[in-house]
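Here chain A shows up in two complexes: once beside chain B, once beside chain C.
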Partner chain A sequence: MLTWLIWFIPLLPFVGFLLNLFVIRQERQAGMLASATVVASFVLALVATVLLAGLPEAERRVQSMAWEWIATGSLSVPFAIMFDPLTAVMVLLVTGVGALIHIYSIGYMHGDPRVVRYFAYLNLFVTMMLFLVMANNLLLLFLGWEGVGLCSFLLIGFWFERKEAAAAAVKAFVVNRIGDAAFILAMLAVFSNFGTLNFYGMEINGRWVPGFLERMPEIFGLRFGPDWQPIAIATGISFLLLIGATGKSAQLPLFVWLPDAMAGPTPVSALIHAATMVTAGVYMMARTEQLFAASPATQSWVVWIGTFTAFIAATAAIAQWDIKRVLAYSTVSQLGFMVAACGMGAYAAAIFHLLTHGIFKALLFLGSGSVIHGTHETQDMRKMGGLRTAMPTTFWTYMVGAAALAGVVPLAGFWSKDEILAHAAAYGYWPQLAILFLTSLLTAFYMGRQVALIFYGEQRDNHYHPHESGQTMRVPLIILAIGAIVAGFMNIPTLFSGMPAAHLLTDWLQPVLHEEAGKFNLVVAILATAGAVGMGYLGWWAYTSNAAKVKVGGLDPAYRYTGDIWDGMQEAWYVDLAYNRMVVAPFRSFSATLANVFDKQGIDGMVNGVGRVFTWAATEVRMLQNGYVRTYALVFTMGAVLVLSFMLFVTR
Partner chain B sequence: MSLPILSIVLWLPALGALLLLLVPRGADELARRVALGVALATFVVSLALPLGYAPADLTGTRLAPELQFAEELAWLPTWGISYSIGLDGVSLWLVLLTTFLTPVVVLSTWDSVHKEVRNFQILLLLLTTAMMGVFVAQDLLLFYIFWEFTLIPMTFLIGIWGGENRIYAARKFFIYTFAGSVLMLLAIIGIYVLHRQALVAHDPNFVGSMNFSRIVSDLRSGNFTLETGIERMLFGAFFLAFAIKVPLWPFHTWLPDAHVEAPTAGSVVLAGVLLKLGGYGMIRYCITLFPEASRWAAPAIAILAIIGIVYGAIVAFAQTDMKKLVAYSSVSHMGFIVLGIFALNMEGVSGAVLQMINHGLSTGALFLIVGVLYERRHTRELEDYGGLWKIMPVYAAITLLVALSSAGLPGLNGFIGEFTIMQGAFLAPDLGWPFLGFAVLGVVLAAVYLFKMFQGVFMGELEPANAELKDLSRREIATLAILCVPIVLIGLYPAFIFNSMQVSVGEALDSLVLLAAGR
Partner chain C sequence: MVPTAYYILLSAALFAIGVLGVLVRRNALVVFMSVELMLNAANLAFVAFARERLSVDGQVLVFFVITVAAAEVAVGLALLVAIFRSKRTADVDEVSVLKG
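Up next is the complex of A and B:
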């Protein structure tokens, strides 16, 4: 039964997409239909998960093939999806958070002239994201991977009249494409080494074909590349996948698109650019865990990329004024945590953090959307202040989200982040642990700062009258806030011996990730909580007591203490600028030179040159035909002499 | 004797052209309708081809390419030249692409051709027959005649209905491609003579044969062998003609000129089908007749192909004229096709065949799309547009779909072809991963230039000059929607094309397999 049931999970939102695209023209119907399909998918996902849990642990993987997608020569790729414990939790996150954000969008997007299209895009996104997490092979995963990229483009550029939205949308797509190119290369390499792109074994045309993840030993010791620098194949493939992940999951060096992506509508930022799509890279690394585990070289890259991204993005988050950009950099930073966890081999912890982060970051984004909505499209935190009285629900739910992100006990973020830190401590990743710990202190600080700037003090710009948002927006906030409080308990560590219901998630994922639950580290936990509370308070205190110094269009109160460093943080250490100067601008001029000089005058010049040689030769030869008999007689005589002498002397 | 379906499909457009001569000169609407009727009829009849095609039919000798719908009539029996046509799994889909695109092209003439409408349709239909002739001809001389004949209508289409610089572009198109194929004629004669000499030794009464299958089977059975040097020269002569037609870098400069000057309908035919003649020729003639030389030249050709992929994409990015941008994107895409062919394996070649169809659909559609704007505003400069999404949503949606197909988004047709080609090149012992490192650059850059175009036209502020532009008319929607159907279909279920070409591609590669076994 599961084999056909699971098809409905991605297909329902797809039907919603088609209906919204071709049939529906009314705002109300579009929102209701789009939400209904995703809610239905969520319910189905719950049913499927329950059914899956009913199976014995070793059999918890259902695969279902619709048709053979590509089949030519040796290349054979099925159009097939699967449902296993890892997929189940991802599907629940995507459809659960997705459904709430759909409902929220009904209120948020009310009155937009293109709202039907908005819901169509959102439905398509959910479909693609579900294919991404349900695919049973790399190529179908890639279909979802690029599909969500397309939806991201469409939704970032939803208000395409705005120049920066258009530019951000294209930038997101193109930067992601760089990662995708590496992904394609990885797939090619996987196929040529294993002859299949399926993750796990499945029956195709009556024949059992094992998946590549189960055949890792075959490539142990195999190398490619020049003799002076051989590269292990496992390293090559996993490194390419890592590049793919840095694109989609906004890691160094490809994170630059995510902050700009905030030009899209806020629910989109919540769904795509915080809770689901950007976590695809982490999901992919967890899914192909065996491949990464086979290459210690790649793993150390993974852990360092994650760690540095976490830290750098956290510093950038401190210095932003735009309410959404703070959250965007915070997302990059939290993704860094997850990637670092993958690099340390703590995949269960990474997925745990992915899930809790999906909930509380969606909450924060939706909260910020509520703030933006209630302040008439204000995004600059300098124009806010004192909003807690006007929007109490938003304030309280935002506080929950902020505390969860900062890692305050016992909210969701505390448990998942602590698991990553505890793993780092247990396996001796000391330098990474230090940096990640510092990052979590910065996280608490910038959330304290943000809460202070938005909700405390006096309203600094009186051009608007703040108001609380409507029911459709408040209910999802409350549900997510409850989630942010309790979600941590799905994988709570064993605090005392004999504790029931500990490590549920890790145990559930065990058949996929093959991981034993880590030990609870009391020292790290206490330090982290103390740090979070302390730094959170510090951030809050610094910006409430200095609230008078925050001026519309002015500098940060901390600016005079930090100066240039603050500028650097504000610009995310000029990575974007460096790309513009070192990649984009040279590419433009190179391309112009190639087109206008090399192609026109070089290659085409040569072609026309050949033509001109013939024209010239023809003109010259024409001179011989001058009509004078004496010339002809001369040529005739010379010719006769030549022929005769040839006959006489050469061919004798 | 059953109905000669293939001949009917082949000559129906030419008959239609004759019929059009009866239409009075000024009756534009009538001429268009007659042409459309003929094109549709041809398409409908041609549907019998894939339906009647038996993909896994392995009967008959394995030594010669498997042919179906074969017809043969003696033509010049003294020299062994015949009217011999037939279909295999590769030409089947290219013929279908031609008959599918022709009605689309005729539909587009309602908006893009305004003078001498009748004559335009006549040339178009003649061109259709000529192009199909290249795909179905099984006699070398017949092939050559069809091949050269395609030049004549196309040259006039550019030279009479083209833009400002049309004479220059038409002349360049004609001379460049003609010069390329002259050597091919020499090579055809060379093969004919050598083949006769070799076979007369066995059979003194042999008069020679231009029959493709005959020559291939003699080559494979060892009755007819070519010296390495001679094989390479003959290969080179064929290859040059095809490389110019494709066009492979650095023989591409005629293409942007021809495209920019050609009327929309001409561009669609040019990109949609005419360039495919080159790719088809490479598979059919270069690889099948000269396996050893193909193998010898493959790495060098693949290098040209990847240069073309990257170069075409970079130059496309610099263009401000949309038509030129699409033209250079063709150079990049056709580079993929050549790369796939010279991977010399099943995956690469079948991917290349599929990609020829894909390119015909999506680039054809892109030219139509550019044409839509040109008819409304008479400019193709990107800077004259912006923000059109607001007032032309249907147009934007279709453009996006086509652009994504061209950029290789999985789920649409372009990706299937590109991925299969890349997999083939990756698996090819003579190529391998360093080639792919460059080829994927083309995938990235395709997104860069196509999204540059999309952003420039559809996003940003709406210019007042464009505020009155109308969204697509019903006819325009129909024209483009027809193209969108296979774009999605092939993306999700390419099997219906791949399946029927397996045997034929396998046979084209057979000589390579024999070669590898002989070593």
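Up next is the complex of A and C:
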């Protein structure tokens, strides 16, 4: 039954996409249909998960092939999806959070002239994301990978009349291409070494084809490259996959597209750029865990990239004024936590943090959307302040989300972040632990700052009258806030011996990730939560007591303590500027040379030259035709004389 | 009997006069007359050779030339009248509107 049931999970949103694209023309119908298909997918995913849990642990992987997608030579790629514990939690996150964001969008996008197209894109995105997490081979995963990239492009540039939105869409697409190119190379390497792209063994046309993840020992010890510096095959493949993940999951050095992606509608930021798409890289690394585990070299790269990204993005998040850019850098930072966890081998912790982060970051983004909506498209936090009385629901749910992100006991973010820190402590990643701990303190600080700037103090700009958002926007906020409170309990550590319902998620993922539950580290937990509360309070205190100094064009109150460092943080340590100087500007000037010099003088010169030759020749030749009949007669006679003399004297 | 060469010489002389007439005269009517002269030079050559070779082919061809020339003169004179009506002159150099 599962084999056909799981097909409906991605196909329902796809039907919604087709209907929205071709049939539906009314805003209300589009929103209802789009939301209904995703809610139905979520229900089906719940049913499928329950059915999967009913199977014995060793058999919890259902694969279903629709047709043989590509069959050329030895390459055989089935169009097949699967459902296993890891896929199950990802599907539940995508459809669950996705459904709430669809419903929220009905309220948020009300009155937009292209709202039907918006819902069509949103449905296509959910379809592609589901194919990404349900694919049983790398190529179908790549289809979803590119599909979500396309939807991300379309939705960032949804308000394409705004120049920065169009530019941000292009930027996201181009930066992701770098990672995608590495991903393609990784696929080629996997195929040339294993002859298959399937993750796990499955029956294709009555023949059992083993998957490459089960055949890892075959490449142990294989090397390539020059004699003086051989590189293990596993390192090559996993490193390429890592580059792919840095593009999609916005890690160093390719994170620059994510803050700009905030030019899209806020629900899009919540769905694509916080909760689901950007986690695809982390999911992919967890899925190909055996490949990464085979290469300690890549693993150390993974852990350091994740750690540095977490820290650098957290510092950048502190110094932003735009409400959504704070959250964007915060997302990059939290993704860094997940990637670092993957690098330490704590895949279950990474997936746990992915799930809780998906919930509370979606909550924060939707909350910020509610603020933006209620303040008439104000995004600058310097123009806000004192909004807690005007929008109480938004305020309280936002507080829950902020506390969860900061890691306050017992909200979701605390348990998942603590698991990563505890793992780092348990396996001796001390420098990384120190940086990640510092990062979690910074996280608490910038959330305290943001809450203070938005909701406390006096309203600093009186050009608008803030109002609470409507029902369709408030209900998803409340549901997500409840989720942010309770989600941590799905993988709560064993606090006392004999505690029931501990490590549910790690145990559930055990057949896929083969990981034992980590131990609870009381010292780390106490330090982290004390630090979170302290730094959160510090951030809140610093910006409520100095609220009068916050104004457009003025310096941040913290500027006098940090000085130039603040400028660096504001520009995310000039990574974007460096790219502009080193890549974009040379490319632009090269293009300008081609356009102004080579095209104008080379190509145009050639074409115009040909034209000029014919014009000149024509002016010369037209002299022959002077209109005098007697001239023609003379020429004719001379011709006749010539021909006759030729016949007479030469050819006789 | 007059030798054929005399006829041919006369024919060539007539033809040369006709060519010169076409090339140097500007009055369209004279040009036409010169064309006729060339045609008749050809006719003379035809009949001269026909007589020498005792064949009627040349003589038959002469009748064709005469009919075609008549038709050509009819068309040509009609054109001449038309040109004269529009230009008030029969000078061929005045009719040079088709120059490039």
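The criterion applied here is as follows: the second predicted complex is superposed on the first by the 589 of 652 C-alpha atoms of A that agree within 3 Å, B and C clash if a C-alpha of one lies under 4 Å from a C-alpha of the other, contacts with A are read in each partner's own complex, and residues count from 1 in each chain.
Everything below uses one rule, namely that contacts are C-beta pairs under 8 Å (C-beta built on N, C-alpha and C of every residue); 3 or more make two chains touch, one makes a residue touch a chain.
Note that the structure is a prediction, hence the values are computed from the model and not measured.
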Comparing the two partners chain B and chain C, which touches a greater set of residues in chain A: B
Touch test for A:Glu203: chain B only (first), chain C only (second), both, or neither? neither
Counting only touches as set out at the top, which of chain B and chain C does A:Glu458 meet: first, second, both, neither? neither
Look at A:Val629 in the shared chain and tell me whether it touches chain B only, chain C only, both, or neither; answer first, second, both or neither. second
First (chain B), second (chain C), both or neither touched by A:Val174: first
Pick one for A:Glu59: touches chain B only (first), chain C only (second), both, or neither. neither
Report for A:Glu164: first if it touches chain B alone, second if chain C alone, otherwise both or neither. neither
Touching A:Leu150, do we find chain B (first), chain C (second), both, or neither? first
In the superposed arrangement, does A:Trp67 touch chain B (first), chain C (second), both or neither? first
Quick check on the output: what are the common chain A residues between the chain B footprint and the chain C footprint? none
Residues of chain A touching chain C in their complex? 621-630, 633-634, 637
What residues of chain A sit close enough to touch chain B in their complex? 67-75, 79, 117, 139, 142-143, 145-147, 150, 153, 157, 160-161, 163, 165-167, 169-170, 173-174, 177-178, 180-182, 184-185, 187-189, 191-192, 224, 587-588, 590-592, 594-596, 599, 603-604, 607, 611
Please give the residue numbers of chain B that touch chain A in the complex, ascending. 172, 175-176, 250, 252-254, 311, 314-315, 317-319, 328, 345-347, 350-351, 387, 389-390, 393, 404, 409-411, 416, 419-420, 422-424, 426-427, 433, 436-437, 440-441, 443-444, 447-448, 451-452, 454-455, 458-462, 492-495, 498-499, 501-502
What part of chain C is in contact with chain A in the complex they form? 19, 22-24, 26, 92-93, 95-100
